[in-house]
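The following pair of complexes shares a single chain, chain A, combined with chain B in the former and chain C in the latter.
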Partner chain A sequence: MHRLMIVDDSKLIRHKIARQSDQKLFDVVCSAANGEEAVDMLKQFNPDVVTMDLTMPMLDGIECIKQLVEIDDTVKILVISALNDKATGMEALEEGAMGFITKPFNENDLRIALMDMVIED
Partner chain B sequence: MNFLGRYTSIIITTIIFLALVIGVLGTNFYLSFQTEANAEVVNIAGRQRMLSQRIAKSLSNVNSRYQNSRKYTQQLTELENAAHLFNTTLLAFKNGGVTQSTKSGLTRLPPVSESAGIAAIEDALVLWQPLNASIGEISLSLQETNTAQNDELNSQLLSTAHAYADQNINALLGLMNDLTNHSESIANDAADRSRLIQTVGILASLICFTVIMYLILGQLRVADLARQRARQETDQIFETVSQGLFLIDREGAMGRQQSKALESIFGVKLDAGRNFKNFIAPLLSVDDLTKVERYLKLLFDPHKKQRLLVDLNPLNKLPIQIEERGLIKNKYLNFTFNRVSRDGKIIGILTSVADITNEVKLERELAAETVRNEQQFEMIKVLLSADGELLPDFLKSSSHTYEKINNILKDPARTSLAFKKKAVSILALVHKTKGESAAMGLNFISSLCHEFEDEIEHLQNKPSVSGDDFISLTVMLERLMSTNEQIDSLFNALNTPTIDKATPNSESSDTHSSLTELAQSIAARQGKKVYLSLAGLENLNLPSSTRLNVISMASQLLRNALSHGIEKPATRVMRGKNEEGKITLALFEENNHDYKLVCEDDGNGFDFDTLRKKAFANGLVSEKDRTQLKPNELLSLTINNSLSSKPSADQDAGRGMGLKVINDLTKDLGGKLALQTKSQEGSRFTVRF
Partner chain C sequence: MMENQLKIFIDGIVNYFHHTNDSSVFVGSPYLINDLDEISSDYTGSIAISGSYEGACHFTAPSALVRHLILSFGETDTSESMISDTVGEVANTLSGNARQKLGKGFNISTPTISKGRPCDTPTRADHSRIYAIPISWKSYKAALGIHLN
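And now, the complex of A and B:
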């Protein structure tokens, strides 16, 4: 069972991810609505997989990824963002995220992506 | 195991070969010792020959010296030594035993086993033993004191022995010769045998070696054939596959193996080893090239999940221009990247390039078709529900406006400033059509107008404008014109008595519902809440052209009131107002044919400060005048110079055209415009005509 943290400023999206993630594989241990909350929750709940939005108030996704990786470099971060700007997505991966999928996503997209995150290549 | 299985025969043969080589070398080593030993036997046999002669000679010397009373001690010792060595060696030949070597030290002789040798030894012993016994006696006797009696005995012994030796020494020599020959022939036989063994061994080794070579070459041939077949298959795949395939290595170099389709996709042959980045560079902007570089880096990073990088692919649906037979062709290419790993390490990226031009075209045609269908559907919906009398007026009015725009476009202009002035004139006309079409519920036309306005704004923001920049405006105008034609033909096709006979009531309620719909859609876009109160816009006893102007004005006033007047709910609550803003839009008939159109909102009121700043920023007033501008002066500046209090334009407002259009429409109606406003409380526009 993998410990999942969901980071997104939209409550709707947080619920959607929590509801649609595979319950047999993932235990949603916490949800953060902004980057600062995410950093605090990482320390508190020690998740091993994180879904991350890029455009958030307080601390944006890129900065948040940097801080999360600094705290725990084994954390697996999946960026889920509506950004059309591929360069920002790439920056997120360069800063330590492991994968990227675009919003909007369907249940199948999310499940496959989360599965990919935890399967060893 | 499989690997061993394929090479079992080679391994077994090699083991046999090695065993043979070791066997040959071992035998050779052993035989060389044997040959040496045989040579020693031959030498010792030869020495026996020499010893027999020496014994005879020494005996003769001792005899003659003794007879002549000369000193014989040395010769006697020689005789004794020779006899002793001869005797020891002969016995060693017979029974096997140790004797003095021909080199130094002692050597062991094997007993002679062949009959010829045994016979020679036996015969020699018969001849030798009496002589040996005589020599022994002589030796003893010569050591005793020399007396007359003794002397005679010695002399007799010597004479007898000498006589015996004379008589038999040749026979003994002959026998020793036979022994030598016999030993030689044994040594020769052994040497022959050794040569034979070696020859056989070498031959066997050679055969073995040949077999190994045969097996190895056979395996190589099989492997070569398999490789060749694989290469042929790969070549066939690379020849026939419709996608461009090639590998990119860690250094970014393109691989040697490339599919033939690449040539037709890019119109050139790709050089193996060329850097992919340099190859793709001419097709991309600097920014996109950097993205490609970064993306490749991510692909080579084993910590990134390949499938979860697909959405970031910068070479997805890449538009390119390629020269084919002297013609420039536009194409769309899709690049897909797949990691190639060996032993868990990413060694390259298999890149496939597909020409998706047709798919993209089809997709666009489908999208365009969908838009067209939606537009037609909307048109039909509007035509069925719209004011049957107003629509032809709208078409006429808008066609007239388009003609005006066309004329402005045709007007000659030289300087950038002249072109910009043209753009401003066009903007006012387009804005008017946008208001009218929105009032009619013809949203597809109002959104076309909005795109047109965007295009004009883009021109205005350019540092310098030339005639070429107006081409896009011509295209936009053509789109509007063709939309009008479509509506016209649809309207004619649908122009049934039902539409003509639409009741005045339904007309008015349609006007009301169009305005309500407009208000709600603008409010939704801007995140505002509004209650629209409408009165008097039904049962208008007006000529249709005037009615269109009135409705157009009403919609423009409504748009203004919503965009600039009504605040966002949060602001309203903060100001102690109801969350929902209120707009009242009413038409009164004051006297006979004198009308009053009133639009009142409980919103911001005019933000004169912002307008003052904008007027200054646009260079319309000096810093000093700015603070002294009176509200009515500011209003006239706003109307005549298209100032807007909104920081940026959206579909509803922000270009500063609203008041100008209202002013123009008022002029068209031959009326007067009045404004009452109070900051943070609201505004009231009154148009009398």
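And now, the complex of A and C:
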């Protein structure tokens, strides 16, 4: 079972990801509404997989990815963002994200992308 | 604001509602308005745009539409806070998706939510014209207001 942290400033999206992730594979251990909360929760809950929004208050997603990877370079980060340009995707991957899906997304998109995060395990 | 830029947002609206359980959305022809009041509904989510562009994007909808939208995603919490969250998320998604065509210089803010009349945003570029894009989903009417320089 993988320990999943959801990071998104939208409660609707946090609930959606929690509901639609495969519960046989993922245990949602915490949810953060901004990047600062995510950094604190990474230390507290030790998730191995993270879904990450990019446009957030306090600390945005790209900066949050940098900080999470500095703390734990084994954490697997899936970006889920409305920002669907190639440059943003590349930047997120360069900072340490492993995957990217764009909003709006459906349950199948999410499950496949999360599966890709952990398939080598 | 150019016709091809408006089309980016129209395509974004269609794509967004195709991800609900009722994809039959109707997007009307954009038209010019003088003030957001002309289209403002119960709740409005506003995104400020900066960088290579300057302006804002506002998604405005009646609470009944937003409740229905929330339920269509399988969410059961239709509280006022969830309605506010949802209009903000729709505005964020429609604006963010425009970056695929408008590029990384199209910077978007986090959403600001208004109940009733939209707040005066400091982001309206001087003399920029506001385009309203009418949206019909189920039996409800909503709109996207955009001003962009």
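Convention: the second predicted complex is superposed on the first by the 120 of 121 C-alpha atoms of A that agree within 3 Å, B and C clash if a C-alpha of one lies under 4 Å from a C-alpha of the other, contacts with A are read in each partner's own complex, and residues count from 1 in each chain.
Keep this in mind: a residue touches a chain if its C-beta (ideal position, glycine included) is under 8 Å from a C-beta of that chain, and two chains touch if they have at least 3 such contacts.
Since we're looking at a predicted model, the values are computed, not measured.
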Exercise. Of the partners chain B and chain C, which touch A:Ala82 in the superposed model: first, second, both, neither?
Worked result: second
For this session: Could you tell me if A:Glu94 is touching chain B, chain C, both of them or neither one (first, second, both, neither)?
Result: first
Exercise. Is A:Val69 touching the first partner chain B, the second partner chain C, both, or neither of them?
Worked result: neither
Problem set entry | Which of chain B and chain C A:Ala18 touches, first, second, both or neither | neither
For this session: Mind working out whether A:Val29 is in touch with chain B, chain C, both or neither, as first, second, both or neither?
Result: neither
Exercise. Thinking of the overlay built on chain A, is A:Thr102 touched by chain B (first), by chain C (second), by both, or by neither?
Worked result: both
Exercise. Any idea whether chain B or chain C touches more of chain A?
Worked result: C
Exercise. Just chain B (first), just chain C (second), both, or neither: which does A:Met117 touch?
Worked result: first
For this session: Take the contacts of chain A with chain B and those with chain C, and give the residues found in both.
Result: 87, 102
Problem set entry | List of chain B residues in touch with chain A within their complex | 287, 290-291, 294-295, 297-298, 302-309, 311-314
Exercise. Hey, which residues of chain A end up touching chain C in the complex?
Worked result: 9-13, 15-16, 19-20, 55-57, 81-85, 87-88, 102-106
Exercise. What residues on chain C touch chain A, complex-wise?
Worked result: 15-16, 19, 70, 73-75, 77, 81-82, 85-86, 88-89, 92-97, 99-100, 103-104, 108-110
For this session: Mind listing the chain A positions that touch chain B in their complex?
Result: 78, 86-87, 89-90, 93-94, 98-102, 112-113, 116-117, 121
